[in-house]
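Next come two complexes, and both contain chain A; in the first it sits with chain B, in the second with chain C.
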Partner chain A sequence: MTNVADAAPVSGQAEPPARSSIRGLIAQTEIDLRLFGMLVALAAILLTFHILSGGKLFQANNMTTMAVQAANVAIIATGMVLIIVSRNIDLSVGSVVGFIAMTYALLMTDWMPALGMGVDFPFRWVIALAIGVLLGAFIGGVQGFIIAYIGVPSFIVTLGGLLSIRGAVWYLSNGAAVSGLDPTFQLIGGGATGSIGGTLTWVLAIVGGIAIVVLLMNSRRQRRRHGFALRPMWAEVLLGILGILAVVGVAAFANSNFWPPGLAERYATENGITPPPGGLKIPTGFPWPIILLIGVTLVMTWLATRRRFGRYVYAYGGNPDAAELAGINTRWTILKTYVLMGVLCSIAAAIAAARLNGSTLDVGTSYELYVIAAAVVGGTSFAGGIGTIPGAVLGAFVMQSLAYGLSFMGVNSPGQNVVAGIVLIVAVGFDTLNRRRGGGS
Partner chain B sequence: MTAVAAPPLVEMRDINVAFGGVHAVRDATIDLHAGEVVGLVGGNGAGKSTLMRVLSGARPADSGEILLNGKVVSIANPRDAKALNIETIYQTLALADNVDCPGNVFLGRELATSLGSLDDSSMEAETRKVMGRLNPNFKRFKMPVRSLSGGQRQAVAIARAVYFNARVLIMDEPTAALGPAETAQVRDLVRQLKDEGIGIFLISHDIHDVYELSDRVSIMYQGRIVDTVDKNDVTTDEIVSMIILGKRPEEATQKELAQLELGA
Partner chain C sequence: MSIRRMAALGLSAAMVLGACTTGGGATSAPSAAASAPAASEPAASGSAAATECTVGVSWNNFQQPRWAATDQPNIKKTVEDGGGTFIEADANLSNEQQLTDVDTLISQGANVLILLAQDQNAILPAVQKAKDEGIPVIAYDRLIEDPAILYITFDNVKVGEAEAAAVLEKVPTGNYVLIKGDPGDPNASTFLPQGWDNAGLKTKVDAGEIKILNMSGEAWPKDAGTYTAAWKTETAQSNMEAIIDKAVADGNKIDAILAENDSTALGVVGALTAKNYGFPPLSGQDGDKANLNNVALGKQYVDVWKNSNELGKAAGAAALELCKGGDMAALTLPDGLLDPTVAPADGLTAKDFTTPGNNTVKSFILQPTPLTAENLNLVIDGGWITKDELCAGVDVAAATAPAACK
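Presenting the complex of A and B:
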């Protein structure tokens, strides 16, 4: 017992992970423990509500609905991570979503027809989407410019944005709700028809599986080229198998969700198909909002970890002076985080508008709170420099699974908010204690 | 004294820096030759770091000019200084604590693949080479530098400065946070870099450090350069008296010198 100090690694160098302990084995796979823990938490929440609901919750249609509800917040949260990591905040996201959603609705109902782009005009939905994305980038750029180049605190600038942009939504539509979007645009919102279908879902799963194997092999080749320590072979194989199983499992689960019988019947009669006994079973596969979320998560993770931009965002968050002295154009970097956020808001706005087949005055209200909560539950620290994109996406799913599970149990929305607020504080509390004990990453 | 032909590697002329009403550097003129170490000493707030921050681009001067090899250059920000191969090891080290060692060494000058993505494995390999020279036992390349010891963090900051072929190196209190063994290592490094022909400005509180490593010493007092002396022409006591009194020994009165003796 007296030699505890002697047993510690002498020079403070990293000791090779002990093979015997479970922790050591996990360390050899280099799995991110925080993300793994959040996956476990998500599974535990779903399982608890599944049992409480008498085995009704964990079904493909419920989970698809839940995922689509989480998609909007998750997409914006990927951008909020970079903004919080670089020691800023964006309170305006909800209002920006509302403003752009209303713009989409008005474009397709009033403005484009007025310019001769009626319902039959080709690629109307693409044009509308492009205008929305540019508008998002512009709003983000203006706010980012005031924050980065003029030096007004981001809290103030985006609080002003929250108020004034929400007010501007009213002026866009003169206070009216607008409905009637382009039918193709509506697919972005998901639902049975707004999904990619069974075949494409399988294709995607296969592509995903191959990508996992290629990435693992590529990383191993890079390490060997430079003579770095390699992951043990069993860990590589285990990671590959787990990754492929996860992708295939999720795809199979998504494909166990079928078109509603009424819709399938109508489809059958329209196409002259004789429905088999028990009705036509058409798998929905992944809904479009989930496809968008997967795409956004991949692109944002790539930006955050593989590009100079991401490196600068994290370095600035860790030590703004160091980033400045290293010659990084920190203002331009901060401006870009807001432009990116605006673009993400325009994607979320498209999903929100498409789901409603239009827009109302309060689309996106309170999004800023859910988004910040998702990022923070996902491990993003307000001290700056710490946070991951996949973490924030998982954080959004944890918060949404709680809300969905509670509503499934008949708890009303104020009750859901009470729970969500407490979970937010408890999750960050645990994280703070954990970091303090771990003394680092 | 006859070698007038080659202009100095660095010449800073009549540099002035003011923060609000505080004149941090007044009409400072200083030069540095290749393969030379110039020590910069003075009390707290004497303007040493501020003068060097002008050269490293962290705080451009309000007036005055900088010449490199006899040519006037403009250094408006750290990027300009680095483009001129002027590297700085800051007293605070200026490391991003949440980023790992290769990320810090290459911060702002990342190696990229042909598609513009970060080439982390090449950066790690290069960092292993340069760190192998500075701190052969170092192995924590994947850890955020927050988790490193003071000496290891110092080594990362030095690695960043020496990796990119510095011509001019500014070292601001490079041994302040180090133990005796690590201090000796840094001293060896300074001599080695000097032999490679790099010009070094060395800021230190430790007179003995400066005296041992420098060829010349510039003494600053309240923003002014009191004098620049050849190390072999002065004693450490004379340097100390200049730091405290802000006057050359011959200018100081007997009374002042006597008080200094009493104080010491």
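Presenting the complex of A and C:
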């Protein structure tokens, strides 16, 4: 039973290569080269646009915008990885997002007030969110059941979902745009007030730094206990330092973004603060969509690599028959990936609705394409069994950095689509060549 | 693949399930909207009551809420008040179905046809059939490329003109952002920008009084402003966020924003809110409820509204006149039927209109109504929106609250 776990992409038992080359040194740190490569690509894209825009792009404010714009697709992409890894597909995500976003909007503008839960009703936003998450799980569950237990191909089921759920959005609102959400719910969408602020951002960074050290130490102890090869000490220290630097650096960067002057001024007068010369500087820190994205990424990575569920998914993707014969309840596993996907869609829908302060008929259209692109650029293989959650998140950021950079430069959407399409093909092309040469990941 | 087409497909797929109820829904459409201006109904058409007149309407897609809410009740009421009979059919977005519908309407005895065409070319066989039968055809809201039709619509160039005129009056000089619709839609790339220029946008740009912050090149109007694929609200929002970031990075202040329609304007408001930028004067068109609410809240300055109550009345009255066998060239709408601010600017007699396909047709081209916080009462009076919907979230006690909400 425990042998199944070996099918998951754990690279702990690889023979440590010779120490001579740079490649060898990097291999000893066990840094995932393809993730690292994507980080380099992301940096290169941003640097290019930074130069093209005359040094104006790379600022905390702009990067925050870009990250918030990427958050939706990135959150859904984490679920799409598991679905594609298990040799399925979900084309319905955009329609599900649209349906749930419209549900949130109508709940807070029409349905709840009609039930006597007016604007002042406590925790309306929590109730709305809970209903949305349950709805997402339900839609995912129904689709997953048809795919896993009845055996209709996922492409067909979710294509049907794409069409019929989008059609159903129309019936919810009779085609109208709905606006006016709960003020607390709106914070989910980010913006200056929808951010956690400077202090909390630092607290998070410190917690993150400590977590990195603890995880590294824990992993070393585990490896020693099970007699696995250890990383050299210098590599452990280097990883720890790099990790902490990255976390602290990102937090400092986020905190160098301040409230817009007008808002800060209003805040100052409302609270009787005399603004210092040059205006009140209130750091925004991480916006809520990014906090959600970080949380989702951590939980999904944990599910995928540390839980039996995740290992089953990779085992099934690697070899469905073997997984079945090994006694895995494959149908139940597949069903769960779709339930998870529905829940992720409900989180993305909350961000989309909160950002718009409402919902329109077309919220979420063509998300399925962006999400699949993000997962694939992030290294997920359609052959099944291969793909990582952080890779998909990075993939979403790579795609969004292009879209944002181009629109920052004033390039219109047809141009953006041309570039995005080419990058998609080039990224996967590189990956394919790389795998062929390296003989697997 | 066209996303809009996909959405339409989805809609029609869902519609198959509800097909049985569709007919019932159409005939029992709400008539509340029709009652509002009924008192001013002229007696003129009443004299024609003696002649048999059956007016047949073919909708391409009655599921879009607008038709049931305003157009249909007004056509119906005008026809029936004039002693005529009203019949209708809904094609559910299908060209084929619409041809069948027109056949059915003709066999049901329609003397005049009002067509809202799903496609301006695919409808032509039906138009030919009507012409063979000697039945006059009114192209309602959307053009049909045939010289024999009567074209009743709103002036789309005037819509752009009204958007720009209102914002330019408010902000005569400064930095403008232009948010356009889908690059493949001639309304977005040609007609609305032409209206903006008619209102003086290009003149002011050339004179240096107005600077466009989001030029993608040099060509005017092609490169002026940012297009929004499929008129999608989320896309407009993302684009606007990038434009705001760029303006802040460049040290520019955005003084005004021209958005071509309401779905894009809604995205702009989303971006301005997310960025806490404040709300510079912003335009839109369509009179969407969410946007009218934004006008009441001071987040959108002007929303150009096509008062389709009046469009329905004009079509109903024109149909009655055509029933009497009148010459299309001398066709005149009854005096006092239409709101004078909406009635065709060049008089109540049908005028020549040259179509993009170089046909000359007779037409009534109605004027759009620019709505700002000052005249929002028009949409409540017109039955377009309830006061509660319009004024949701408005602090009625505040001095800045629009009069319509007090």
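Descriptive notes on the structure:
As a convention for this text, the second predicted complex is superposed on the first by the 425 of 441 C-alpha atoms of A that agree within 3 Å, B and C clash if a C-alpha of one lies under 4 Å from a C-alpha of the other, contacts with A are read in each partner's own complex, and residues count from 1 in each chain.
To be clear about the criterion, a contact is a pair of C-beta atoms (placed from the backbone, for glycine too) under 8 Å apart; a residue touches a chain by one contact, two chains touch by 3 or more.
None of these values were measured; they are calculated from a predicted model.
In the superposition on chain A, A:W259 makes contact with chain C only, while chain B stays out of contact range. Judged by the number of chain A residues each one touches, C leads among chain B and chain C. Contact with chain C, but none with chain B, is seen for A:G189 once the two complexes are overlaid on the shared chain. By the touch criterion defined above, A:G318 reaches chain B but does not reach chain C.
When the shared chain is aligned, chain C comes close enough to touch A:A168, but chain B does not. By the touch criterion defined above, A:N218 lies against neither chain B nor chain C after alignment on the C-alpha atoms of chain A.
Within the superposed three-chain model, A:D362 lies in touch with chain C and out of touch with chain B [touch as defined at top]. Interface of chain B with chain A (complex): residues 56, 58, 77-79, 82, 88, 90, 92-99, 103-104, 107-110, 112, 116-118, 121-122, 124-125, 137-140, 143-144, 146-147, 149, 152. Of all residues in chain A, only 11-14, 222-223, 225-228, 302, 305-308, 311-312, 314-319, 321-329, 385-386, 439-441 touch chain B in the complex they form. Across the complex, chain A meets chain C through its residues 53, 56-57, 59, 61-62, 65, 68-69, 95, 109, 162-168, 170-171, 174-180, 189-194, 259-260, 262-263, 352, 355-358, 360-366, 403-404, 407-408, 410-414, 417. Across the complex, chain A is touched by residues 3, 6-7, 9-15, 63-65, 183, 214-216, 226-230, 232-235, 237-239, 241-243, 245-246, 248-250, 262-263, 266-267, 269-270, 273-278, 288-291, 293-294, 392-393 of chain C.
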